[in-house]
Amino acid sequence: MTDVELLLWVRGPAFDIATVILCAGMVIRFMEIFMLGRKANLAEARGSEMAGGLGTVFRRTLVDTGTFKRTPFTVVAGWLFHIGLFVIIFLFVPHILVFEGATGLSWPGLPSNIVDAFAVITIVTLLAILIHRWRDPVLRLLSEFNDYLVWLVTFTPVLTGWLAFHRVGAAPAALIAVHILSVELLMVLFPFTKLSHAFTLWVARWYNGAIAGYKGVKS
Amino acid sequence: MEKVESISVTIQKRMTPRCASPDEATSVTPTGNLIPLLHEIRHALERWLREGHSHVIDLHSLPMSPDEQRQLLDLLGEGEVSASLSALGNSEVIETAFAGVWRVTHYNDDDVLVGHFIEICQAPDILKSHPDDGRLALKQLDDLLSSVETTA
Amino acid sequence: MKKEGQTIGEVLRQRGISRRSFLKFCATTASIMALPPTMAPVIAATLEKTKRPSVIWLSFQECTGCAESLTRSHSATIEDLIFNVISLDYQHTLQACAGHFAEHIREEVIAEHDGEFILIVDGSIPLKDGGVYSTIAGMTNEQILKQTAAHAAAVVSVGTCAAYGGIPKADPNPTGAVSVADIIKDKPIINVPGCPPIPVVITGVLVQYLTFGLPELDDLGRPKAFYGHSIHDRCYRRPFYDKGLFAETFDDEGAKKGWCLYKLGCKGPTTFNACATTKWNDGTSFPIESGHPCLGCSEPDFWDAGSFYKSLSTPTGNIAEKAIYAAGAGLLAGAAIGAVHRTKKQAAVRQHRRATIDDLGEGS
């Protein structure tokens, strides 16, 4: 298979398959969550569910001082690579084109060299996170196959994307093909791993906030 | 059938080009290649004096903004010698204001610039006569002499 | 009728092309090939002494654009010079004779210059149904190519059709078109792709081959001297790409200001050719400079590489549609699966079963 043939397959049938699995998978996950429902709380409501839920969705974004004191590295590194991923995925023009192709929506992007800098920061941060996970005895004990898989499947697109942008290591068409393929792997594994937190965390926060809000406490 | 000339044409609005030309895109930022180039010429001239080794620089291969190119020509200037060649179009060989530093420009039959070189040497090779051509010329001169002598 | 083995120098003198003219030609060719200018006298000296090579040019499934490109190259002098440097003994479009006599000349050249002549090919070769979709004088292209290449010193595939199959090979490839390299396996092949290739690249490759022998080729068989850099790496609009300034349509403000054409589908990043430096029509312009994104015409299968106007990094299918159908299917499947889970949970509640650590481990 030539580079161009691989690239075409990756942009064509493979992307279709990945999209279908991602969308169907996430919808099934949500259906599972919602259909299981919650146990009815028969006590009288002391506060508002909605206010509690919505408030928590936003408030949980910031870390509380206790958590920060205990694991500053996790908090800082987590912020860094999440912001990095956001900039790379949503503010890089070739990626905005993908969204435009799929949804028709477009927005301005950042200059490519700035996104490049964010990519480097993200790669370094992700590597640091992996090393931290290995070296910390508690984390090492808790970590299982899925944790490392999720790390790999997140790291590989950023690395291959950076290589494709700089056209380093192989022919340009091959680099882009491998990058898109790694993203498709991420898409396919998304609904079945912890990665789904990207969508479910908003629901989880709302639930936590709602339960507390119903009881009249802040969460 | 209508002839092209018979179709009437009216110009409604003259377009003025507003697009960026390559010059506009690159002339804003000078490349900074002018000073290194001058150093290369200086280095080559010193080497020629010391070892007799000549050097050719192809200006086509060095990116320079139009301003820098003009500056280069102004700085090198013109000396005493200027030769024009007629070979597959015109060519010009000029010694710059600096002895030993020559400028060779080649044009094709349509007077489009096809080559621009700086040669550091006693004289560019293209000016010199080749012995093979000389041998042919010798034969031709012999023929000429014999025809002139017989008619005299 | 045996042809004399004249050197190129002798032929040039006969045609009235002086040594100086030739030196000038070599200097400008070396410049185009990005060789050090000190190579020009080497090229001149070598070519002068070289026996004038015989060239057979075979045209197969092609549009003649490559031959047209070559004969429009630079000024008449370069084209004229090339036809003096080489002895173009057989070429359909340019030769005066036709019919059996023309074929006889081809056979004669093969016999007299066995193992020495250069074979230039443009156009792809159809193989389907025994190759009947392109025949000359009763022979299929495949037969002619095999027969002629067997005696050639080297083969130069001019144009993307000869190099990689080109437009005849594009989906659905009704004639079973293939490239020269798909058929000839035992001779050195130099690919000079492009649709058409830049004229001075064609002549430059010939001069390079005659002077230095086989040039350094990349993994697609193209001379690195001309195909070593991508359009993207030499494009004058690159500063706009780096700054994130793109034209969105062909006539918006960005397009008028000459911004990068990546969003309009430019294949510059994955295309290797000399267009951005050598340009076309005596260095006048090239597609991007004229406002049109690069098609990638010197790459294999560029006709089938997705739309010319869709950027390389975008999916080719209708993603929105797939996503909606998938979500719909997910709803149905999710409802079914959810119902199963719900039933399980209700049964557990009725039986007062408690959740254990194993239940928590299920799924992620």
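Should a chain be cited, it is by its letter among A, B and C, assigned in written order, with residues numbered from 1 in that chain.
The definition used in the following text is that a residue touches a chain if its C-beta (ideal position, glycine included) is under 8 Å from a C-beta of that chain, and two chains touch if they have at least 3 such contacts.
Because the structure is predicted, anything quoted here is derived from the model rather than measured.
A.B. asks: Return the chain pair with more inter-chain C-beta contacts, choosing between A-C and B-C.
C.D. replies: Greater number of contacting C-beta pairs: A-C.
A.B. asks: Which chain has its C-alpha centre farthest away from the C-alpha centre of subunit B?
C.D. replies: Farthest chain from subunit B, going by C-alpha centroids: A.
A.B. asks: Please work out the Cα centroid separation of subunit A and subunit B, and write it as a whole number of Å.
C.D. replies: Between these chains, centre-to-centre, one finds 60 Å.
A.B. asks: How many angstrom between the C-alpha centroids of subunit C and subunit A?
C.D. replies: About 41 Å separates the centre of subunit A from that of subunit C.
A.B. asks: Indicate the whole-number Å distance between the mean C-alpha point of subunit B and the mean C-alpha point of subunit C.
C.D. replies: 32
A.B. asks: Quick check on the complex: what are the subunit A residues that touch subunit C?
C.D. replies: 2, 4-5, 7-8, 11-13, 15-16, 19-32, 34-37, 93-95, 97-98, 101-104, 109-113, 146, 167, 171-173, 176, 180, 192-194
A.B. asks: Along subunit B, where are the residues that touch subunit C in the complex?
C.D. replies: Where subunit B meets subunit C, its residues are 18-22, 24-26, 29, 55-58, 60-61, 85, 87-89, 91, 104, 106, 108-110, 112, 114-115, 117, 125-126, 130, 132-133, 136.
A.B. asks: Across the complex, what residues on subunit C touch subunit B?
C.D. replies: Touch list, subunit C to subunit B: 13, 17-21, 23-25, 27-28, 30-31, 34, 36-38, 40-41, 74-78, 81, 236-237, 239-240, 255-258, 282-283, 289, 291.
A.B. asks: Could you please specify the touching residues of subunit C with respect to subunit A in the complex?
C.D. replies: For this pair, the touching residues of subunit C are 219, 230, 232-233, 241-244, 246, 262-263, 269-270, 299-302, 304-306, 310-317, 319-320, 322-323, 325-327, 329-331, 333-335, 337-339, 341-342, 345, 364.
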